[in-house]
């Protein structure tokens, strides 16, 4: 049991390092896209450690407790995440719903702490974040329902192995509409443009982050990196057939994150009600069609 | 062209028949300036507003220390007849008082507050013309009066940076010298205000 | 025969440990400087070329930030009127330590062309400590970038300690602010 | 050895006693209420779990009881909520007019609940139903709103008369009022009739979609200590009747092959999911905290209906567990709001802010309650929602899935709003004086909080009891692995204890990181980022009015449709009443006599 916990913590730490480096590399890629030289690939590490080394301001105990709860919830979620077919901390218990709902604990903690800062911008940002969540979660859930119904498992590892067993027939290909919906919903989860309405630095002063500085902001950055790791690897396991070994995982992970990042960098920003309307129009329709085709008619490529 | 000229004519007719104008100045086809007695201003504004000059663009003021007057300029705009009107009147500089016009143009409220702040013109009838609007915690005479010396104020309030020696170096090459000389003469000639 | 007496490593005192940590922190701080741009004057126009592909500021790890809590540098770009000086002081006191101030243009240095205005202050470092000045009216972009590199050098040699000075000479700064502004925090109908 | 009859008699007696005791001293009556409810709950829980409740009848002629696990489960939950809420009485009852009647009605309604859950006879069930309806109908207006009581009574009466109709239809066919035997032996159109009429009764009590109007009105305007009972306990009565209908009756309706579910049950499930979506959307745009929670209990009633209409053992387990989890969660949330309302005097979220700095314990209680309500681990709501998801996904019900997940994500939105607007945010000057709630009010809230966590961490004991119910109503027990604390659904295994432990581990790690770093500087709430402007009033820095305005704008023009429909209906009924008044109560006696004779002739036409 202790060994499992250590493995899980290792997975979480690995996720943090991986995502931070990938994010740095992506910053350089985007810089080259804009004909700039770009920062060092380890710039994100520098930022985070710089923040941790600064002296922060605090608005009372809920402000700090929320941050701790957020980071703790996200670390706990990442500890359940399988990396490959055989690297998983708690085999069999990596239930899909854990990831969806245990992440929510972290989100709730961050929202609490942000509202506890007593800044209206923070509350507005939290409101937008929750509304965006309401928007992207439902189509995503319908697709995941289809996948679970087809495979018969809700454990990520089992789903990945099932895809590999069927001759690398990834659900991105087997359920084409669902794959598109998955990518769109992933962009919403990661808060990438055009769905980054709740950060909006020029508009509501970076939303929930408005009052943070120093170590609280640094911990929230760590939390954000681990959250991105969880969401991207969810996508990898659900739609890209997981990974036999760690290198395949790294390759798929990097590919997914870079593609999403490139798509997002040629987009503007939607208004929040436009986000809701968008998700409840095309992605939901596509998801439901895909589900009906796949479940009731059994047409799977 | 024709239309705008007719606008100016219409305007001059309107003003001359109802007020005795001290001076009328047609700047161009889109700008006319009337100088009125202080008592006629309200009546003139009402007339013009009824005639369609519904927008009070700005209330400006000019300080004339040597004739000891402050000139108020009400700038009006009409959106049907494209003519800017300047209603000018002069008030006494020692105790400048001008009844407020917020009953005619409510938007003038803040212009009057600003005018009080920068020129010290009092506007009885405007409930809070004495409240500070732009200058926060101002502690000196109205700063746009001509006899207000901003340099002295700045020296008094804001610490200056001391330099050990004056770094201004004038090169002695002739062409540069001539240039400087003629620039100086031109500046002198412009002092009086009349063009060369 | 040489004695093989074992000499234990000298125990580091607390100050030395703190200094080591501080140097490590300085490395991170000078490599990721986040700015809060208080675009008070015309010199702000020099920042877009500094940030975009001409002189890519991000390669130094610098970037714009939204709020004073997150920022390290308070960037005073251009002349500073009395009203905005109040806001600048309020913002500066909200920033988390360590914090640095960079003044762009000649106006923060000696008033520049506004040296005799009744509404513009002449010397910024009387009111808040300034770590780096970039002279020029307006300074061109190379010198702006150079100013930031200088700030990094100062952080490396621990000379960029304006925030310490501000804490030590707090009364002096407050006295200057009172003398120039009357009061810093304004109560009036627009702020209630 | 405790006999149900004895318990009911104890409740009635202590009710009457407390009436006179309250005349002398209100607090004494409230204390008596606390003790009697505690005693009833304790004996029910003890003997119920060891199924040693005696059902013999000695003193009440004509009454007969039987012990079913189903009834016992409901009865224990309801008695628990009653006993917890009764701790609030010493602080609230003085405020109300008819204060000495309050405790009596409270205890009588509990007696009615016990009878309703343990009876084996439909006429008694109806009798106890009416007892509950009448007692609570007199309790609700003490919150100073007559109209709330009227609408509550209207819907409840509709429900119970529908049930009476169903009972008679059943009696006509079966010839007995026995519950289990009677319902089991129904068939044909009668079965459909009874099914529908019982569902109407259940929906009306549970406040599910078409019959939900009374719920926010009654919950929102009921006395503060009675709202938890309404939402946590009495609403479950509807679930009880709905379970009777959905489980025991099998109306003749063909089965949809794709999802292996009868049409009738699928339609019921669709109604339940409609009520989930509707309640969520209405709760998101509600400004009164109590009404918000009322709408949330409407959407949770939808979850319960969906669970029971799936005809599936895991879904049943989820439904029963959801009844418990929602009872605890909503009781905790309502009690926290009641405590806040007692200290501040309002429940409007737009009028409050920064209560947390004065009432931290109440805040924690509310936080745990809403985490459970939103179905987030490690609280009870997650377990039940997980079980329901298992069944829904296993049957592949797409549209119900949309509703279920919409409700579960939307619940984040509406439960977070009181958190942000009421507890967090800027501290208003008028609330700088208030204190934390008194200890006797904190005690039950803390107990409920601990139970919320317990149900989320170690659900197996309770699920073991629920399995007995599953067997009783004729379904397979779901797989629970007691030593390893795991639950096995259709497509996955859940380990709540592990999740809770890992969550604790993560929090500990984060706490260590936090402690090791440099200590942060404490600043006041008003010293916040305002784009460098000097703001001196708290209200300007508190974002609480129209929290989700951009989202509300998308659907707010559709929100009044249902209420308009019911208002129209009410007007029709009024006109009918006017007509009858004109016909019979007119001052011309002969007209009335004429009409009565005419109607009698019409009725007797067949006989003559």
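Each chain carries a letter (A, B, C and D) given by its place in the written order, and its residues are counted from 1.
Here, a contact is a pair of C-beta atoms (placed from the backbone, for glycine too) under 8 Å apart; a residue touches a chain by one contact, two chains touch by 3 or more.
If you're wondering where the values come from, they're calculated on a predicted model, not measured in any experiment.
Every chain gets a centre from its CA atoms, and the centre nearest the mean of all protein CA atoms is that of A. Centroids of subunit A and subunit B (each the mean of its C-alpha atoms) stand 61 Å apart. Look at where the CA atoms of subunit B average out and do the same for subunit D: the two points lie 72 Å apart. With centres defined as mean CA coordinates, subunit D is found 35 Å away from subunit A. Inter-chain centre distance (subunit B to subunit C, centres taken as mean C-alpha positions): 40 Å. Contacts with at least two other chains are made by residues 67-69, 86, 94, 96, 186 of subunit C. Residue positions of subunit D touching 2 or more other chains, listed in rising order: 521, 529.
Across the assembly, subunit A contributes residues 53-57, 205, 210-211, 214 that each touch 2 or more other chains.
Taken pair by pair, the chains that touch are A-C, A-D, B-C, C-D. The residues of subunit A lying in touch with subunit C in their complex are 27, 31, 34-40, 43, 46-47, 49-50, 53-57, 201-202, 205-206, 209-214, 217. Residues 24-25, 28-29, 31-32, 34, 52-53, 56, 58-59, 61, 65-72, 94-98 of subunit C are the ones that touch subunit A when the two sit in their complex. Here subunit C touches subunit B in the complex through residues 82-83, 86, 109-111, 115-123, 126, 176, 179-183, 186, 188-189, going by the rule given at the top. The residues of subunit B lying in touch with subunit C in their complex are 131-132, 135-137, 139-140, 143, 148, 150-151, 153-154, 157-161. In the complex of the two chains, the subunit D residues touching subunit A come out as 258, 354, 356-357, 367, 371, 374-377, 382, 386, 389, 392-394, 396, 398-399, 401-402, 405-406, 409-410, 412-413, 416, 419-420, 424-427, 489-495, 498-499, 502-503, 505-511, 513-514, 517-526, 528-529, 531, 541-544, 547-548, 550-551, 553-554.
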